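Some structures are shown below for you to check.
Two complexes follow with subunit A in common, the first pairing it with subunit B and the second with subunit C.
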Partner chain A sequence: MRGRNLLVMSAVIVVAIALVIAFGLSGIFRGEADQTPAISTTPSLITTTAPAAITTRELPSGTINGAGASFLNPQMQAWAMKFYELTNGKIQVNYQSIGSGAGQAKFREGMLDFAGSDVPLKKGIYNEFKEKGGIIQFPVIIGSVAIVYNIPGAESGRLRLTGEILAKIYLGEITYWDDPAIKELNPDIALPHERIIAVHRSDGSGTTFVLTAYLSKVSEKWKEKVGADFTVQWPVDEIGSGVGAKGNEGVAAAVKQNQYSIGYVEAAYAYELGLNVAEIRNSDGRYVLPTSETMKAAAGALMARLPKADEDWSGIFPHEVMDPPGPDSYPITSFSFVILRQVYDDPVKVELLREFFKWVLTAGQESENIVKGYIPLPPEVAEIGLRGLEMLRAGG
Partner chain B sequence: MSFRKIKERIMLGLIAILALLSAVPIFAIIFSVYFEGMKHVSLSFLIDLPPPPIGDKAGGIGPALAGSLILIALALAIGGTIGFFTGLFLSEFSHTKLAQQTQMILQIMVEFPTIIVGLFAYTVLVLPLKRFNALAGAFALAIVIIPYIALNVKEAYKSISFTLKEAAFSLGLSAPTAYLRVLLGAAKSGVLTALLIGMAKAAGETAPLLFTILGSTFTYFAGLDQPIHAIPLLIYNFALSPYERWHQVAWGASAVLLTIILTIFLVSRMIIRGART
Partner chain C sequence: MNTDKAFRLSLFFFTISSFIIVASIVVSLIATSYPIFMRDGLSFIIRGAWNPVREDYGILPALLGTLITSAIAIAIALPLSISLAVFSSELIPGKFKIIMNNISDLMASLPSVIYGLWGLFVLAPILHQFVMMPLHTHLGFIPLFSTRPVPTNLFTAGVLLAIMIVPFASSVIREAYSAIPYYLKEAAYSLGMNRWEVIRMMLGYIKSAIFAGTFLALGRAMGETVAVAMVVGNIMRFPKSLFDMGYTISSLIASQFPNAEVYEFMVPALYGGAFMLFIMGLAINLIGFSMMRRMVVHR
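What follows is the complex of A and B.
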């Protein structure tokens, strides 16, 4: 009898919990319908301090959620913070660093309002979006991949490398630091007879995509054998000289900790963490470091070739833009992108996205809003995004 | 002293040293977290929005702290309820096949990689809603803590002497009244401890949240169907960045998280000690 009572009680409780959950869920779905934030009718809040662009009009209010490239994260947080202040907290831009690959995937599944990515959408995904109303993708900041190294005893000079040598190192064909090819470029550095430890990303990464695209452009063999992607099969791993590490920070740490190692990180990380950065030979035969001048020069050289925001960028990105011409161009320069849909169900979302990214591409590019290590876009490149934002629309 | 005695002493000494050594990492962690973290913690640190990566703005962990508290409460409400009744069932019906199998499954669940629980929550609660949301995070945390709570509640009810149970039922009470009114009093400290262990577990987990809550920079709480932040997630993100300012916030957040968890453990120790005397 006792047992039966308890069973009955358990059943009642299970049903009760199920009901609670069901009500809770239905509440959520109802909540979603009610929650559409209304475009605020209060007139401009900001009077003196903010730039005119956001003062003269009425402001929508609400949150937009984005995620993706970890490289973009610090700069995006700085922009989001500043914009939050400028709009008195009315527009909240929530950006989380989950990696370019994951950002694109979640955006595709419809869970994000925008994605941040170091590379544009691939052709197949672009076409898929095109059928569903279209896509807008545009550069928001210049980024470049720095080649970093750790050779004890060679601190006196700065290592010089070419794309071919870099490809051979990661192909496992050049395995010692005192290889004749490296020695020839660096007569002033005492290169030891030590094995080169080649550090690479273990996670799916836009940085890897950009680097392998560069290697594919400068080395036929790399293009055939490895190619370019968020992750690749590293030939250097097969000879036991490769080390995988997660994130820019992981690669930076691995290079710091392993003597005689080489690695690649976004330039902002290389400088922020005080790593040795190698000079790379550009297409004009000069050896250049990733600096704001060399990155701007590279971006300038690319300008004529860039597509429009609603077009497919995968044809030229990142492969074709690598190793651009010009005596001052840093060869592994790329952009970080923001990816939007053209059509959003919610008209307020459209307003919010337009307001924020318009600001990012104009006032956001001024030096006081740029985090150290990042390079603002030339105005002509920012124009691509501004044109793109005009295509944003609400619809269902 | 004989050779054997000396040998025994040496061995005992070695074992004592090894035992001490095993405790060293814990104290080293606590010390370093408080040493690095406490200098950044203040009242405004607990309330403010996180700072941008560079600049001199102090900033804080407001949304993450609020989010963590909400997630813990929700996880405890879901996981605590299910875990408690599962534990009660395991204890009082331990002879049934169902109870034995449930117990086996719970023991496996304790060892289950929590990242997979996060993926599961992502599939059932994030994908259908088309949005990262707080409920999915709480759901994932609840699944993680259910086995801990259930197995501890079971021990609590098991430890009640049979005569007391007999007495409770001989009063002619129905089973629910007997278990929840009379016997819960006897099992109280064990049940509370079980809930507290679950709470501490929920407070510290990162992996179940990675796929579920997204995180949030400005919003403290916007609804169960919206993204939310949590302290472990904030630490994970900020500690991996190259920026000194964010490292400091991550240290401060670690100190806050450790304080929460240590407090929970201290309270549960006190409850256990109170029950013994």
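What follows is the complex of A and C.
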């Protein structure tokens, strides 16, 4: 019996110590606990030697630290490396891919110089920052969501869908591929009487946010029943036809492995991973694939509705910008954002941030600086950020 | 005398610090999850929901998923690891034994994301085609196999976990097996027992090590995050059969943590899940060890 008593005793001791600490020091420990989420971070130390610099005037040297959206990560690393070379190693930009939400949270706690995010700040957080000197948020790159499918016999680009059908599939209302609504749009595909397996992301993701915002825009029922967010409760799961997969690569694998499935991934991944991409009907009634032309057309069409960099974007973004007008616009097009404070204590930091993002929004958008699969901003959209950067100032 | 005292003091210090570390983990779990228990009380752990839009969280399906996948893993891994241990200590010659033990130890140290990717791209399709579909087609009337399977589900996660924990369990059992005094074996043979009877006798002798190995492995199975998140299906719904998709607490945390902080109650909910996992692990260990006591006493 001794061993058992020892075990019980150790459990009792652990719990006792826990309670003592909890009552005595809960304040201190909470503060610490809040900052210790187990996020695996991959700091991006860049160690390339530099060729010729472009800037003529004297730049301060230093480091800028940012983190956030993982979609932005490959492009941000490429920009950081190129800029490091151009400034002869004077300005180093670190970006950690920890997710949009974590990036926003760390930025809010003051642990980052900038955050990368697939969605702008929520209204409450925006107002909180406004009281503390204001915020600057602006698009840096176009992103869009591709609808991918696996129907034996139907190659990429053959399947045509509308937003309403997509919403009904994920609502669990259209459950078979030979549903009249789908058949009507696709008279030349032999659609079988097979259950539609609807694949979705299981981890919180900006991609999910953009897709669900689109579904909310085109389907009143989706807006009421589900809504738009990084993670939603998928109605299709309740009827047993949903599959949750982790990451873009997980969705891609699930779609490939499950015949008669449908899913969604960042457009850049869809082509990279060789998935079949569906044509989606845009607001002009034309069926379009996500290509650099259709995404740029959508971004250009949105331009008139976009706010200024220091304004609250949460009112229209991402919900209102979905399904933009224009015959060539791809309907599920969005942006990735960079979020800055208006006021930084350190004047050097202000200059570093201004220089880097000015470069990102001008020369950084040229094709030699854009990673394969990403789509640069139309100049008029980049202008929003350039205007915003003028508001950066030192203070304290 | 003095060194003795110093030794005892240092022991005391290390013991206390490990207690404090465990205790402060428990404290941070309780402190951070406090808001969700205050808001929802028990309904947080007796319902199924994961709806960040409405800040509605209930983790019972994930708790069940953790139990189901771990149970599948142990049911498969226990016989495998015992046979592996016996096989490598009794039946194969010295050189191969070393190679085999090294491979098995190497398997234990592989990062779990490797298992996850392998599970997703290799194991899941194979299991789907050659195990799950045949079972569903021919034995679908049994409730356990009644769901038409997709490649990623609770069963796949259980099998993957089993593969991951076999090296752990078998290494503990193997060490205990080879530590059995040689004269016992000789005595058994001299009584006229055959090889099978000797092995059975020896296994009876190391029952406690088999238990210890099992619980060590069970701990790893319950806590595994990334690998399970890739193959479990990740659906917050009450599983109807082994082939249904589900969630485990650990895979829920791995999937949801990166964006949790934009919500008011998701971080508390995830910590609450971790706390329940901790309680569950503690309970299972207590039950297991008391069972082991009873067995060893009654022998």
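Things to note:
To be clear about the criterion, the second predicted complex is superposed on the first by the 340 of 396 C-alpha atoms of A that agree within 3 Å, B and C clash if a C-alpha of one lies under 4 Å from a C-alpha of the other, contacts with A are read in each partner's own complex, and residues count from 1 in each chain.
The working rule: a residue touches a chain if its C-beta (ideal position, glycine included) is under 8 Å from a C-beta of that chain, and two chains touch if they have at least 3 such contacts.
All figures in this text were calculated on a predicted structure; none of them were measured in a lab.
Judged by the touch definition given at the top, the superposed model places A:204 against subunit C, while subunit B stays out of reach.
Touch criterion met: A:268 reaches subunit B, while subunit C stays clear of it. By the touch criterion defined above, A:235 lies against neither subunit B nor subunit C after alignment on the C-alpha atoms of chain A. Shared-chain residue A:67: touches subunit B; no touch with subunit C. Judged by the touch definition given at the top, the superposed model places A:105 against subunit C, while subunit B stays out of reach. Contacts of A:244 after superposition on the shared chain: subunit C is touched, whereas subunit B is not.
When subunit B and subunit C are set side by side, the one touching more residues of subunit A is C. Of the two partner chains, neither subunit B nor subunit C is touched by A:290. Contacts of A:388 after superposition on the shared chain: neither subunit B nor subunit C is touched. Touching of subunit A by both subunit B and subunit C, each in its own complex, is seen for residues 3, 10, 13, 17, 32, 70, 250.
Here subunit C touches subunit A in the complex through residues 19-20, 22-24, 26-28, 30-32, 49-54, 56, 120-121, 124-125, 128, 147, 150-152, 229-230, 233-237, 240, 244-245, 254-263, 267, 271, 282, 285-286, 289-290, 293, going by the rule given at the top. Residues 49-54, 81-82, 85, 89, 92-93, 126-127, 129-133, 135, 169, 174-176, 178-179, 214-219, 222-227, 237, 240-243 of subunit B are the ones that touch subunit A when the two sit in their complex.
Considering their complex, residues 1, 3-4, 7-8, 10-11, 13-15, 17-18, 21-22, 25-26, 29-30, 32-34, 36-39, 70, 98-102, 104-105, 122, 197, 202-205, 226-233, 237-238, 240, 242-246, 250, 253-254, 257-258 of subunit A touch subunit C. If you check the complex, the residues on subunit A that touch subunit B are 2-3, 5-6, 9-10, 13, 17, 24, 28, 31-32, 35, 63, 65, 67, 70, 73-74, 77-78, 80-82, 84, 89, 92-97, 109-111, 247-250, 252, 268-269, 272-273, 371-372.
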